[in-house]
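What follows is a pair of complexes built around chain A, which joins chain B in one and chain C in the other.
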Partner chain A sequence: MDIEIIQGIISLLLLILLAPLFSGVVNKLKAKMTGRIGAPVLQPYYELKRLFRKETINASNSSFISRFSPILNFVAVIIAAAMLPVGFWKPLISFNGDIILFAYILGLARFFQILAAMDIGSSFEGMGAAREVTFALFAEPIFFFTIGSIAFVSGAASLYEIYHSIHLDNISYMVFVVICSISIFMLAVTECSRMPVDDPNTHLELTMIHEVMILDNSGFDLFLYQYSGYIKLFIYTVLEISFFNPFGKESYLVYAGIFIVIAFALAFLLGMAETITSRYRMKNIPQYLLFATAIGILNLLIFTFTQ
Partner chain B sequence: MNGFFSNTGNILFAAVFAIQFLAIVFTGLKNDRRALYYSNFVLLIGLVSGLFVTLSSKLFFALPTGPQNSLLNNWIRLDGLSFYFLFVIQLAAIPTTLYNFSYLRHYMEKKIGIKNFILFYILTIISTQVIVIANQAVFFLVCWEVMSISAYFCMILEKEKEEVQKGSFYYFAASHVVVFILYIFFFLLHHQTGSWFLSDYHLSFEDGAVISTIFILSFIGFGIKAGFMPFHFWLPQAHPVAPTVMSAFLSGVIIKTGIYGIIRTFLFIKPVPEWSGWLVLIVSMISAVFGVWYALAQHDIKKLLAYHSVENIGIIGIGIGIGFIGSANNLPAVEFLGFGGALLHTLNHAIFKSLLFIGSGIVCQNLDTRNIELMGGLVHRAGYIALFFLIGSVAISGIPPLNGFISEFVIFTGFFSIAGELKNYYPILMLIMVVGLAFVGGLAVACFTKVNAIIFLGSERKEVKHFHTTIYDYLSLGIFAALCIAIGFYPAPFVEIVQRVIAASFNIQPSSTLINMDWFYLSAIFGSIVLGIAALLLVKLWHHKKYGSRVSGAWACGYENLSPRMQYTASSFADEINTISGSILLYNKEIDKSEKPFPTPLKFESHSRDFVDRKLAMPAYGFLKSFISKIGIFNQTDIRYYIAFILIIITIYSLIAFLWT
Partner chain C sequence: MKTLEVQNSQIFDKSAISFLKRNVFQQTVADELAGGGRMIALTPVDKSNPEKIVAVIAHNASSMIHIIGGKFENGKYEFESWAKEFPQTNYFECELSENYGYLPVNHPWLRPVRKQNIILGGKPYPFYNIEGDEVHEVAVGPIHAGVIEPGHFRFQCHGELVYNLEINLGYQHRGVEALFLKSNPAQRIILAESTAGDTTIGHTFAYCRAMESLSHTNLSLRAETIRMMAAEMERTAMHLTGLGGVSNDIGFALASSSYGRLRTLVINSLALICGSRYGRGLFVCGGVRFDVNEEIISQYKENLNVVLNDVRQINEYLFSSIGAVSRFEDTGAVDKKLAQSMGLVGQAARSCGLEEDVRIHFPYGAYRYNPVSMITLSSGDVFARARLRDLEMVEALCFVLDQADHLPAGELRIEPAAPAADSGVVSMVEGWRGEIAHLAFTDVNGELTNYKIKDPSFNNWYGLSLALRQTAISDFPLCNKSFDLSYAGHDL
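Moving on to the complex of A and B:
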């Protein structure tokens, strides 16, 4: 087998296996910051194990869609993860224009998750679905603006090449990339339903976005949803970490160090955001997202005119 | 020069149309049911054999060039573009005609005469096919008129209803504005080239003013037919009132003749100036974004789908715009991607839009309403219809792995290609376009999750006693759904067809950007998605066996008497997005806020009105009406005045023509 394929498979496996760990780290750090001891770092794995052993209960009015959607969701997220470059290894799936497939395959997962939520026929899920669809609408442009602007600057059209084109030669380019990474972070917060857009730990159905959509899922279905949620958070984290690729050019060891440090820093940031901010009012979330888009536009304009 | 019947292909071609014309004869049968079955069946044979002739034509081997492709003294000419549109028309018409068997039975039960409808339906289908192969300007216009008017006659099947009269009048008026503009268009072309044959129209770059005029005329004329914003206002009025078969054909196929016209004009005047590319691109982007945004605010399923046609025409137009920019800068790679995306999306839209219209027709007929707020839970009544509708919805939202994604992917690649080839300020503009198209995709997801969820999921809001479906429903929806899946999972052959069409009839330098995209790679990824789903399904089955599974009521905070009316509605689902753009959508909510000590029934309504219709078209129409009624002659009821008026107009026209030459 080709060495590139093996590297791709290894990085995909790493992404899938380490994803719950990252969520565990975020929760642990958050607990520490709020003065609690917190659950162990491996808690997400225990939860997945517990969910896997539970009986699956479906709502009485639901159809094939809510049984099918968790599976599709999981597969779509894994396909998206397979397009993600970890370090300098070529991902398993990489071709010209794969950023479009990347965004749209996550769109496929979202499409079916929204349908599955509406499938229950309860207003709780309906509310969550309506919010998800609204915020996703404003979140998608952020991705295209930031990743797209790096792509257009470098002339590349696949995630692997786009991240490869990032370099440290030029100060204004570095500023440009740093601001891009801020936009991506704001996107990650939205897409992975973290504070200040969504509160993963709220106890009230009315204030949830993502959690309320899977309110009536259990057992194997919930296992798949939770797992794909962990992977999705990790995907966006890796998107963020890959901005620091140029620093780890020398060796695998340096790169691994950078990967771990940045991952911890991001977990710290996420935990920090969840400690010091409160959730925005639903009405204000589009403004938050448009703000991130505006940063992207301004950034690209400034960069183009300073060249 | 070979005679008409010297070529087997020509004979076959003539035979196909002869069979289709034969179908008209059977509408003369006395019995409605027989007339329907015989004529529809013959028409189907004609269409299927036509599709085979089209497919087996040289399009797939070597492309037709030279005189042997012209029939009837060059009145009919077959080039790659004609073949492609003929293929699209016939492909979409076959399942639509199949659905006719099922749809018209409903009218027969109500004792509504359907023979005229069938007659005009057949005429519409034949004339639409002839338009794309007509090579003589007057012949083209005659076919265009026949198509427009027969479609109008189909539309007024239930002419006693007031909304039908109003909606079909929009279509009628719009069609005639189109024809009027096309008269001037062809007159100008004839004046420039001295020929009546479309194949002779080649204008050189030097006559800039003429090229601009011709392009503008074509973009307005054909653009009204296609439904670009701001000329789209007739679509959402006409589609809901038309019988479903006709709205499916109108939206899937007839508006594509506008696209055909624009691309044909491009062949006359290429290379086009760059501003024309930008004009098409921006108008199309506006159509796409606002088309889908308006769609989101609709409660009437057919009106919603009509607005989606505006959106998809916009996406096709974006492809054409990219092609124009490529042509202006002499970049064949960009041209292939732009026009390739446009042609592919034309095919794809014809497929999934017909599917969605027919699906909505089945639902509307059974529930006797077009208001989606009254529907719900139909997945438990008609699972396969729900499944097919779902396939269409995923496809139209441009989501992988179905066909909508393929064409949007080509268009996205076109943006990247322009940004790569032309540096300067192009990357930024293209990036804005990319984001715009992604935004359209997001809105389409919002809209089609809404439609699917409200119509098919949850529990029934309106009691349905018996959900009636026939085998024809499943057949026609099944064919469309299979096509959506086939093009999505295995796009390579379809891309190759488009590549050949462009290479042969667009007369540009060959470029392999379109064909060399990673199509097999994409197929492999989609295949692995299916494999992954299958594997997980097995795991799920095993899991259910080992750990058990059951069904229980949904969580409602302990409340048990949930009624279907407590479900989330379509208006509330879309409310957050609609409120943001309220002023453009003319979106208003009426909430009855009576503050009494005890709760009383409350009322809530939300509406969206078309900006162009309300603020531009209707005022203009009102002005015209009041102006004309001031001229005394139009107030006469005596028909002789009108005949005299027609005579005067004809005299004036002839005088102008005489003096001109």
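Moving on to the complex of A and C:
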């Protein structure tokens, strides 16, 4: 077998297997910051194991959409993960223009999750779906104005090449990349329903966005949703980490070091944000998202004009 | 004399109440309400024979409680509703109607209070609904996602905006008032303690004062002071819980976990005195069961000083956080006029700028000698309700620390005599949530004929409905937590 394919498979497996650990680390750090001991770092794995063994119960009035949406959601997220370059390895799926597929395969996952939420006919889930769609509308441009602007600058159109084009030797380019990473962080917070957009720990149905959509799912279906949630968060984390990759002929050891340090830094930032900030009022969330988009646009404009 | 005027927890003879004919009764109550009174009870004197009812009206200005009796003969239980002119009587009339078959004629909104399947005024109760293309109805509860008490909320929404919230309670109805009549004095105090789990001391305080008044028992100042300290501790602990809840609802994890930690310290200090973190077993008719010695006092003061110090910092942190304040301000505002006409009580009223505090208007126990200060805020929104709790908590802590230094001497417990025959009493206490009123009436043998409890939640639930008008539905949990009302206290 081609070495690139093996590397692609290994990086995909790493992404899938380490994803719950990252969420566990975020939760642990958050607990520490609020003076609690917190759940073990491996708690997300235990949760997944528990859900995996449980029976799925579907609402009696739900249609086939509710049945296949969790699987589709999970598979779509896995495909997106397979397109993500980890380190200097070529991802499993990589072709010219895969950035569009990457964005919309995640969009597809969301689309079916929203359909499944409305399928049951619960008023909460309908509200959650409405919120998710509204905020997704504002979140989509963020991705294209950040990753897209790097693509625009480099002329590349696949995630692998886009990230390979990043070189942190030029100061103005470095600033450009750092600001892009800020936008992506704001996007990650939204997409993965973290604070200050959504509160992953709330038990209040009326304020939930993402959580309320999976309120009627149980057992294996919930396992799939939860797991794809963890993977999604990790995908955005790796997107962030890849900004700071010293691409080229570096050693695995240096790369692994950078990966771990930045992952921890991001987990710390997420935990910190969830500790010291409060959630935005629902009507202010679009402002927050437009702000991230504006950063992306201005960043691109300033960079192209200063070159 | 058409009305009987008494003070808080002053025993009166049942024969001193003149039971008026229907028309005179209606007019007298209307005059009392127009004169600035606030209804605190509308209930029969004898639970098994509801033809004689009393309307109890409290007047803050004169610190007097006016009792107006009405007699309805030949089973014709009808009177003209006051609710159109005085919305505060609305719920009391519904309650009377539900329990005893009275019919308030021309009542604007006759609805079940606790028994959701009951038929009042001849037709089943229709829920509110709005029709239109973009309106939707959200029904929440009575079973909730979190471990909270059951209550049913119906929102009529237009997008994210709430047009109307209808609150349906009664799922916790245990028949507490009826149990009071059936049980013996030793059981009654346990009943009072379990009326509302978060107001153990408040309700027990009101119950004990009612029973002591009925038996002409006077407590020593030491017992009164220990009671007062316990009541203020409960206030502190519950305000900490409430602020923790409010911070949690906006996802402010640091403040929420800090308040939680401090609350434990406060309730543990309460346990130092009586062995129960909620103050169960501390109160007994005729005094308190446990004394405090030097050792307890010093430990107690040490704990409270830690709490006071930390709480000041966390309050400062919470109320100077832009994120938190932007969530609190202008959310779920109730204006002062509305609050007054609805008869809101306690912290919900004080945060709208209304001066309502039983400790000040109707002083009782050791509050007669140790006045507390009236704290009010004017904005009536979530910010005011949260900030008021912060201020009251610090005040209560300072007050308790001050009292701990000057504990008067005296006997802990006096064995109370049997309750006087043919008497009645209105006992009001300021619980942490607001005004708690207990009414007791005895028969010729000194046995209870009616025991009526009014929890502040009874007045304030409707305030929550009003706070939600034109508020985003996602802000409901925050508004709800800022009112922090009891289901058990309302449902009884």
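Some points to look at:
FYI, the second predicted complex is superposed on the first by the 304 of 307 C-alpha atoms of A that agree within 3 Å, B and C clash if a C-alpha of one lies under 4 Å from a C-alpha of the other, contacts with A are read in each partner's own complex, and residues count from 1 in each chain.
Following the convention adopted for this analysis, a contact is a pair of C-beta atoms (placed from the backbone, for glycine too) under 8 Å apart; a residue touches a chain by one contact, two chains touch by 3 or more.
Bear in mind the structure is a predicted one, so any value in this text is a computation, not a measurement.
Counting the residues of chain A that each partner touches, chain B and chain C differ, and the larger count belongs to B.
Residue contacts after overlaying the shared chain place A:Y280 against chain C, while chain B stays out of touching range. Legend: residue contacts after superposition of the two complexes on their common chain; A:M195 is shown touching chain C, with no touch to chain B. Of the two partner chains, chain C is the only one that A:T207 touches; chain B does not reach it.
In the superposed model, A:G35 lies in contact with chain C only, and not with chain B. Residue overlap on chain A between its contacts with chain B in one complex and with chain C in the other: 123-124, 126-127, 130, 205, 215, 282. Per the touch definition, chain A reaches chain B in the complex via residues 52-65, 67, 71-72, 74-76, 78-79, 93, 95-97, 100-101, 103-105, 107-108, 110-111, 114-115, 118-127, 129-131, 133-134, 136-137, 140-141, 143-145, 148-149, 151-153, 155, 157, 205, 215-216, 219-220, 224, 282, 286, 300-301, 304. Contacts from chain B toward chain A in the complex involve residues 376-377, 379-380, 383, 386, 390, 394, 397-401, 405, 408-409, 412-413, 416, 419-420, 425, 427-428, 430-431, 434-435, 438-439, 441-443, 445-446, 448-450, 452-454, 456-459, 517-518, 521-522, 525, 528-529, 532-533, 536-537, 539-540, 543-544, 547-557, 562, 564, 566-568, 572-577, 580. Put simply, chain C touches chain A in their complex at residues 136-140, 144-146, 159-160, 247, 249-254, 256-258, 261, 321, 323-324, 326-327, 331, 472-477. Across the interface of their complex, chain C is touched by residues 30, 33-36, 123-124, 126-127, 130, 195-196, 199, 201-207, 215, 274-284 of chain A.
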